Structures are given as structure tokens and as C-alpha cells.
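What follows are several structures.
Look at the two complexes coming up: chain A is in both, with chain B in one and chain C in the other.
Right after this comes the complex of A and B.
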């Protein structure tokens, strides 16, 4: 088993650089965040994060309760209750493991529990595949979870710290899942700047559950039966969290930049070579790497194409995204997921982008949906070129199918 | 003792030395909407009283959630939280872990807090069994799982659970024209299952609300001994068992006196039988016929003599052939099953 390449020495004044994987970066973030209760259960590819945390505990570097559960349902239920009792918690899963925990995932936002979880995105069974697909994490998109996708180990570490700060903000108190593409991010090493403990302390105050704390000093009954009398009002409270979410996230990113000096710009999506672009591709996660390479290559050929990488899927910064996208002649959305039977049979992200554009954009550029890179299949540079060419055709006014599968074997 | 098992002190709750020594304070009071004669609500009251104020209670879905804890009318005088049907084990573990971590780090006053998770027979013997089993293997968290057993999913419409008795009429096992007996499985033997399968568990109890002093003292012992503990409580249910609510207490006694429901505890591996159960085992009390118990309940109204005899033969077997009579179904020697 791999060990932490470069242990953080807490007294170091400046950030240290270490060559670590995305999963390891999140483990380091958990240590820096002084997480109290961690629950593990094996499923590839997310589980490497739990191997690193186990080692951190064994080496005396991290002080936490580390519980190996007997299934994902228990894994998520244990930390849910720990969080209600005031502990900062960490958990995670992949693919069908995440689905096995679904009941717990459903009640966690409803109970206003600021759990932070890592999803090592993996294809759902059957048939078996270890590789990335986004349908696991996307399954909770309607339930009140905050959901984001990161594309580098550095962003994974930073986003884990940001996730705790956002989730535990008393205006929020909802869980946050950090999605990391299986293998491409969870298992790929990169140089990561590890912040100091002092910086993290400054950024991340202790979790205070306040008058919602389950403790003998605070005699409350949590989640009694409400039925039709009150459940609608309770749902409305979760809705109001989502109304506040974008503002809180913006605040936290500004603070992150101030304390750590690393700039993420717009927290919700990242633009690449879009200033003069005629068409753009849009996607989430590590497909950004081949896409950027392909775009640089196509730029050399004079093709004015850019890329928008969606970072936060929930909340979905619809108005802002629509304002960004309305200036392009066509948009090609790359979905590493499927949504069988959806409008236009498109993937989840394409459907959401179209919905946002319908209400938020002044123009009606074609929004094409591409299903690509399922089950861990690589999104190749030539796939990106192919999708770009189709998007350019649409930009010229030549009608294109609204959903196309790219990289499919003949 | 391994130095890697980090035991935490528990509250030392001495056994009540008689009903007159039991304190007046109640931590489960008015506000619940349970049925008249509900013995499951009774064990909630006894459990909360026995545990006292420095306690949190985590309640799985079931009667004791839905009928028990309505918004604006909670009966709980200690902190209480709803937990999912199969999560009583995980709930207790998570709460105990949270307290432990925060107390160690100085984020919370260091004191022993009773952590109790309860579940019904559906939540405990069926859906939550895996989580409870896992929880029973953790030596360093002090917690109690209490399973109240009304022998059916009594909140949803009375359906078969893993602890429903043989032959019972439930809404999933109504007798029909061809099959009189739709439920032919035998009740799960939960307390011994927890005991034998989990050497870490230092205390299991099998109690009944008809014996409240023993029930309360069982809770107090389970909370004082340290580590994960388990109590199985039989709770007659007027709605599910179809009897007049005035008979709740009497049926609890009959279950014991017929030998169907033995009262005992196992503390650090030592078995102690209680009351009539002890007398049955010693031969000082002759078990009453199961007929006396079964025919007081509408759920067995479809039984004919043959069914009662079969039920009786299974109870006789439990007392005459088991290695630990009434409790552990190992046998001294191999013998062929009698033809039925």
C-alpha cells in the first residue's frame, strides 16, 4: 500500500509540495480538517482514500474514530448520527456502493447533516466495470446534496476543505459530495501544494451544531413524525438552503483565496480559451485534460473552440452559466453519464444546460448532447475533435442529432 | 486486555432493589399515540426510567417512531432521534463514536453518556440485523441496542417479521381455503444469536414488560457493563395479536409460564435465569400448556388441535432436548428427527 509521500509537518510555515493521488489529497484534507469520525467500506476506486486515512491514524498523524462498517448503508448511517452528535465526519463510496447507501443518502440532507463524502465515480453494475461514470453521484441530485466535480488532486484537496466550510455553515447544514473520476483522478499522482495547519485553522472554524446537537444537555426530539401537516414546510427549508447556496459558496471561495492564495475564479465553472470562441464544449471532471489538449491542437488549426468545465453541479449556477453560454454559436455538452428516456434522450448535464438556457439565455444556440467515456473508456483527443466538428456543423445551421454516442465500438 | 482496546468508563447504575426504590422521575411521558395496552410503549418508559437523564435515545422506524413521536407531542424527556429502520446498530455506533472523539479532543465535557438505540423486531431481527451484528463486535463503544418485539410489523398493518411465531395470522399470512398455516417458520432466537455470535458483547438480556423490575435492572446492567450490549424484550400487542388490552400484562406472564419466552440474562458469559423461567429449569414449576397462551389471541384463532400440538412439541423440545434448555439449541447427541 502506498504511504503518504510527504507527511505534513504542522509547524512548517509554508505550503509543502507532495506527489500524491486525488484520493490521498482528500485524506490529507481530512487530516488537516481534524475530522472526528470516519467510516470505511471497501469498493474500488474510492476506497484508497480510506487506506490512506487508516495509515494516517496508525501513524498517529490523524486523531479520529475510524470505523470499518459492514456495508455502505451502515457506513453512511454511522457518520450521519455522529454528525448529529457534533462530530465532523467523513465518508465515501463508489458506484453501486453509493447506491447501496441510498436510503442514508436520502435522509442526510433532510436531517440537515453536514457530512462530507467522496465519490470515486464508478460505473454502476451490471455488467461490472471499475471505470468512471457519473451516474452514481448524480443519483442524489434531487435530494439536497451539494455536488461538485474536481479534475486535479490539488482541486480535490482544496475542495474538501471548502466542502467542510460550506456544508457546516449554519446557513447551509447540508451534506456535500466531492466527485473524483475513478482511476483518472483517484489513482493518478500529481504535485499538490499542501497547506499548513495554521492556514486551515484560519479558514475552517470548528463544527458547531448549536441547538440541533443531540446531547443530554440539549433535550430535543429530532425528526419526529410530521406527515402532511409539516413535511412540505420542512422540504421548503431545504429549498431555501439551495437558494442561499451560491452566495455562501462564493463567499467561501473568496476566503479561500485570501487565506491560501490559490485562485479558482468563478467557483461554479471554469472557462478555457472561451474569449474569442465560436463554439464551446462543456463537461465535468477529468475529461478536461484530453479536451484542453484537443482544443490547443484545434486552435493551431484555426478552430475557435473553447471549453467550460462545470465544477458545481448542485447548486447549479443556471443563470450565470446561461449568461456565459449565450454568446456562443453552439454548445456541445459531454456527458459521462446517461439518463435513459430523458428529453431528447440526452445525458443529465445536457438536459440541465438546456433547461438553464431556456430561461436564462438571451439567445438559442443549439445545445448538443454527447454521451462519451462511459465505464472508464477514455475520452480521446480525436473524440474531442469529432465532437467539436459536429458542434461547428450545428453552429453553421446544419441540424444535428441532439444526442450522439461518441467513441462507441462499431 | 489488549492495550489497543480503549475502554471508556460507563455510568454505574446500581440495580433497583425493589419497586419501591425506583425513582419517580419519568423520561418517557405523555404525548405518544400508542394503542391502549401497548407493551412496547411500556418498555420505552421503563428503559428511559432505568437509564436516567444522561442518556440519548435513537429510535428506529416502527411503532415506537410512528405512533410514538408525533411532531409537537414528543413523549421523550431525554434527547431522541429518529433513525432508519435498519440503522439502530449504526446509530448507536455513530453517536458513541462522536462522543468519544469529541471528549478525547476536549470539544465536549468528558462524562459517561448512555447511548441507547431501540428497534422493533422488523428493524432488529430482519433489516437491521447486519448493522447490529457489526456493532456488537466493537469493544470500545459503550452502547445498548434494545429490541422491542411485538412479533410483527405492527405499525404497517401487522405483517410477518423474523420473530413472528409459527402459524400466526398476519396480513401477510392469512389462513385460506387450502392452506391454514401460511407462516411456517420458527421465531428467531435473537438474544442467544447476539451472545453466541459476538464474544465482545458482555451482556444480553431477555426480558418482558410483565416483569418491570427485572426489565429496568437489565437495562441498567447493560448500560453499566461497558461495550456493546443487547436486550430482547417481548411486548404483547393488542392490535397485532388480537386480544383485549386488559390482557396485555397477563399474556406477558403466560408467555413466560408456558416456557415460550424464557427470562434470563447473560452477564460476562454467566447465565442467570429469572423467576418462573428459573423454576421451570429447576423442575420446581410445571410449564403451563401453550394452549392457554395461544387461544387467548385472535392471531391463533385458526389453530386446530394439530397446530397446537405441534407448537407444544417445539416448546417441549426447547426445554427437554436443548443443551442449555430454553436458550441454546445445541443438542447433546445426534438424533433423527421424529416424523411429522
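Right after this comes the complex of A and C.
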């Protein structure tokens, strides 16, 4: 992708270039971050990351506790406890496995556990399917988790390092999930620049839990039953974290750029050919690839269309995004998820974008919602062209349905 | 706005839950006989209840639907017309299992309201344990043993309807005796219970308690922290470890006293307390080892002193003590305060021996009991007599 292409002299600084999948890239990040405790339980497509970490450990390249739990619930509980005891931890899951861990996922933000997890996005059963859908990771969107979507193996590696730095910042101490689209990212090998251990050491300080450390020398009791006299105050503390989150993330990306030399620009969303665009599409994850290709094709036909790829969903940089989007005549949001019964029956991202624009934007361009690519179905170049055409119609003032299903039979 | 009434029942968790519920339901159903509307509920925060821990049940009664809604707008009534205490050991204060501190039993009682206590003791004796306050109120007794009526295997001893009779006398505006009798005859279908309610109504009297009368002790309290000054991560700082302490007579330092939670003391859960004969104690450690609340201090001379700020009165120490009558559970009504028994023993052994003799009755057969072991079996004839004769 264009924004992270490197000059030759810059590349020399890197230890090596490797042809690895997005999942393997995250495993490499875990090795570089010197993760202490990893828990695993197999489910596709997340399982590639656990396989690769076990390989690294077996080969003597990585030193960590590697625990295969008897299910995802235990998997996330074990790292939760290890993290409270001061260990840097990693785990992850997919689809219904992530849902099976849900009880453990709900408690980690309140307990201020800086767990980093990889969600290999997968459709929720039933019907059984391995392919990508974003509803699994989105299930924790209201709970205090940091949530982001990456679209390349390089970004997966970099974002894993960034995730540790953000989550373990004492101003934060909340869990962070990196979402990787099943198959398109988790199982596709690409050339990735692997940074040096020295750079990572400079970027990522050791995890220090301070007064929250559960240790015989710091006797504390964690997670007592508290009832209505305490819960609101506990929730307010997590709210405070979300108030700070954007500032901390911006700081960390600036430091990342300084140390690793790779520029991500705006951490929260990436703009592609938006400078003179009349309409834009917006989406998360690997649908960026067919979208960029389609946009280049349509540009050749003189259609002024751009693309905004949302990187961080939580925190949702609403004000900034609204300011970005208010200049376009229409916006088409591509949701690789569903939110049945939601306002306008749109997907999750479209609903959030409309909400952000209602308060943050000076204009009221139509925000169309497209449901596309569910269950791992490909988002085709012609699908993107179709969505763009509909968005242009809306820009011309022709009313369009607020939610449409694209790439559907029938 | 029409007429609005609130009645609260303070009871022992689990043991008296059904009894308390039967009373608050009875109030609402009886008042409904005269056209009033009401609701009955237990305090949600008390659930899941712990054995014996102070808990509350409420009845709200109103003359019309809108007034009732005004009463329901605050979930837990902050002011009540009548407070009923179903176990007189609660008169020393009630600490719920949430972190509220110790509340005087009349905390929610309106000025001039009536405090009704189920007890075998008289009002002036009970008043010694009830915290003083600035507003006057009335104190009345419904004579009876602490009842588990309605619970599981326990006999129905008519405590529910006797309390209803007393409420009709104390506050006829909320419900009349006739409405209560109608409720009993139609819903409970037991004429004998109607007689019990009637008899209690006729016998119930109350004394006026003046401002400042009662127990001078300041109940322990604390401020809940604010969101921005409380610890993060739902974590609570552990207590420091504690350590040895001094013998009040020899000043010799030894033993071990753990530092205990000063925000959750639990002692109002207790209906009986362990009384220790330090002369026969063999220092076997079993009480200290088995106490589920780490209530025992190790004394400088190596004995075990039940710390009465921490003891819930469960009686496990008595059960595991291998020496006959060395630890005996005694009804809480016999005591004032939570002073150390061992210190009293060290200061004056002869006086302590006399006190032991006067306080400890032989435990007898070890059957279950609320105030002491064997109590229930012993009380059945008395309970049946109250039930039959009212």
C-alpha cells in the first residue's frame, strides 16, 4: 500500500524482509515485544497465530509461557490473571470462540488489564462459516476495549507493537484487540519488513503495573463484589480512559514514526484519493484492496471518488472524522457486519458515522449504508463500482435507500 | 397527593426472609381490603443473602395509584412510618453486607414513628442497646422468641400476624385490624391466626423515647470514595499484616493480632458469641485454625481470644474445641460492647471466673439453635403455647 512504501536507504535499517501472513506478522510482533504469557485455543482463522508462536518457541527463538487452555473462556481468564500479576500477555480468537470468551472479555477493561488480543474475524455461527465478518470483534465495542482493523501484514505487525505501547500506558491500562480479516489477511503471505529488537526495545518500555500489581509485596484484592454503591464510579474511570485514548494513540504513532521510520499519518483513519473527491466510500479492513483498485479504475473514467479506511473503531475519532467527511457530497459506508434492527437497519459503522456527523459535521451529506462481503464473500471491484454509482446518485440529490445489500444473489 | 405510608422490616438474612416477606405482603394485601394500593419488596442489594446478616423488606401503601407511584419513585424508602425488628439482637445496629457502615435500627424512622421489636425483653432494657438520636420516636414490644416462622422446617408460630396486629395498633391509618382479620380469614384461612393478630393488637403498647435517650455509642461509618480518588482496576488495598501486642498486666509483648477491615466489620450478623474459658484452654489452635473469618487474636501468652469486632458468631470454634465447655456460644443479648474477654481475664481472673459462671449455661445437647446450641428444641413448647394462646 502506498503510504508505507520505503526508500531503499530506509529499508537497510531493518533486520530482514520476510514473506509471512498477517497472523505470522503478529506472532513476530509478540516475539519482538518479548511477551511473557501466551494462551491458545484453536479456532480458524486465529489459530495460525498460535501455531506460529508455538513454532517460534519450539525453535528457541521466543521465550514465553505457552498455555493451551481447554476453551476460550479459560484462555482469556488465564492471561487476565497473568497480566494483573505483571506479565505482558497475548491471546486471541475468532468468531464463536471470541463469543465463548465473552465473560472474560467483559471484565478486562474494568480491571484495567492491558491484554493484547488478535481477532481473526470470522462469521458467527450459524450457519457455520470460516470467512470474515466483523460482528465477532464488534461485540466488545461498548465495553471499554480498544479496537482496530488492519489491512496488511505489515500494518498487523506494526499495530501489534503500537497496541502494547498504548494498552500498557499507565494512563490507559485497557485491553486492545487487533482485528484481522480471516483469509484475506490471516492466511495471505506478503513481504513484511521486520524491525530490529533494538528498535522495539527503544519503542516499547517494560510493562509496569505499579500500584495495581497483584504481588505478595503489594497486597491488594482485585474484583470484589461491590453493588450499586461502587459500579458507577468504576464505569466513570473507564470513561476517563476513553477521553484520553485519542491523545495517547496520537503520541504513540508519532513515536513509532520517529523510531521505525514508517509513516501512518493520521492514526485513526487513512484517506485515499480524497483530495478532490466528490464522494467517498468508507470501510474497515481488507476490503480496502478491491476498493482502491476500483477507485483507480473509476478515476480513469473521470469519477471523482475517494476512500476513507477506518483504522481505529474504538476509540472512534468522531469529531475528526466528521470534519473530514463534511466536505463530500455523499458518503457510502461499506459494512462487513450487520446490526439487525438498528436505526435505518444499517450496519454498525454506518450508524456510528451518522451519529458522529450529526454532532460534528457542518453539512448534512447523505450517508448511505452498504452491507457487503459477509461470511467471507469477496468484495469485488464491480461491487465497489456499483456502490460508488449509487453514492453519486445520492450526491446528485436522488434519494437512495439508506441501507442496501451488495453482492447478494437475487 | 394522597396518603403514603412505608413500613420496613429489619430481619436476619435467610433465616427470617420468608417471615419478613409474609409480613410486608400481609400489610399490602390487608390494606388493599380497604381500597388502598401497595407494593412489597426486599432490598435488592441484600440478595444473595448471607445467613444471619441484617437485611430489609419493605411495604409501601398509598391511598391511590399516583401517590403510590410517588412512593415507588425512590426504590428504597428513605423515611418510614414503622420499623419492625424481627430479632432483638439487631437493636445494637445493622450492617448490611454492602459497605454501608453500622446503621442504627431507627435510621429511616420518621420523627414520631414507631419501632416495633419482637423480643422477650422489655422496652427499657432494649433501649440500652439502641443508638440514641435527636428525633423522638415510640418503642413497642411484641413479646416472642426470635422467630424463623415460614422457613423450611420451622413451625408457624403466628409471628407474622402478631406483627400485623401490632402495626394496626401503632399506625391504624395504614391498615385497620378489621382489614387484617379479613385478610387472614380470606387468604390465610386460619381463624386461630386471626385471634393471634387480635390479641396482639389489644396488648400492644409503646413507650415514648425522648431525644438523646439510648446507647451513646457512635455507630461506625465512613465516606464512600469518589470516582476520581478511588483506586483503579476494581482493586482494594489489602490490610497491613498486623503483629504482636501487649499484655495489659505484665506489658509483655507477644502473640499476633491481624489488622482487620475497618469498613466491613460484620459483627451485627452475630446472634451469639463465643465465650472462652482461658483457664481450661490447651492452646490446641483448632479454633484459630477453623475460624472462617480469622477472628481469633493470638494472645501474648499463646491463647486464643475471639475478636468481637470481627466475629460473625457462626459457632464453629465451639464445635471444634476439644475441651468440654472451654468455648461456649452464648446469646448476644447478654452482652454490651465488643471488649476483649482475654483482657478482662488478665486484669481480674477471679472476677472473670464469676462472670463465666453467671454467663455460660451448660450447652447441653448439641442440636441447632439461633442464640445457643440446643435452643430450638428447648423452645418448642413455649413457641407452641404462644401460637395456641396468642
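Rule of thumb we're sticking to: the second predicted complex is superposed on the first by the 395 of 410 C-alpha atoms of A that agree within 3 Å, B and C clash if a C-alpha of one lies under 4 Å from a C-alpha of the other, contacts with A are read in each partner's own complex, and residues count from 1 in each chain.
We take it that contacts are C-beta pairs under 8 Å (C-beta built on N, C-alpha and C of every residue); 3 or more make two chains touch, one makes a residue touch a chain.
In this text the structure is predicted, and so the values were computed from the model without any measurement.
By the touch criterion defined above, A:67 reaches chain B but does not reach chain C. In the superposition on chain A, contact is made by A:103 with chain B only, not with chain C.
Once the two complexes are overlaid on the shared chain, A:47 sits clear of chain B and of chain C alike. In the superposed model, A:230 makes contact with both chain B and chain C. Contacts of A:112 after superposition on the shared chain: chain C is touched, whereas chain B is not. Look at A:352: by the touch rule set out above, it reaches neither chain B nor chain C. Of the two partner chains placed by the overlay, chain B and chain C both lie in contact with A:222.
Looking at the superposition, the partner that touches the larger set of chain A residues, chain B or chain C, turns out to be B.
Using the contact criterion defined above for the overlaid structures, shared-chain residue A:80 touches chain B, although it does not reach chain C.
When the two complexes are superposed on chain A, the residues of chain A that touch both chain B and chain C are 84, 219-224, 226, 229-230.
For chain B in complex with chain A, the touching residues are 53-56, 58, 65-66, 69-74, 76-84, 86-87, 89-95, 97-102, 104-105, 107-108, 113, 130-131, 133-134, 138. On chain A, the positions that touch chain B within their shared complex are 34, 36-37, 63-65, 67, 69-71, 73-74, 77-87, 89, 103-104, 107, 206, 214-216, 218-226, 229-230. Those residues of chain A whose C-beta lies close enough to touch chain C in the complex are 84, 110-113, 173, 211-212, 219-224, 226-230, 232-234, 236-237, 240. Of all the residues in chain C, the ones that touch chain A in their complex are 45, 98-100, 224-228, 230-239.
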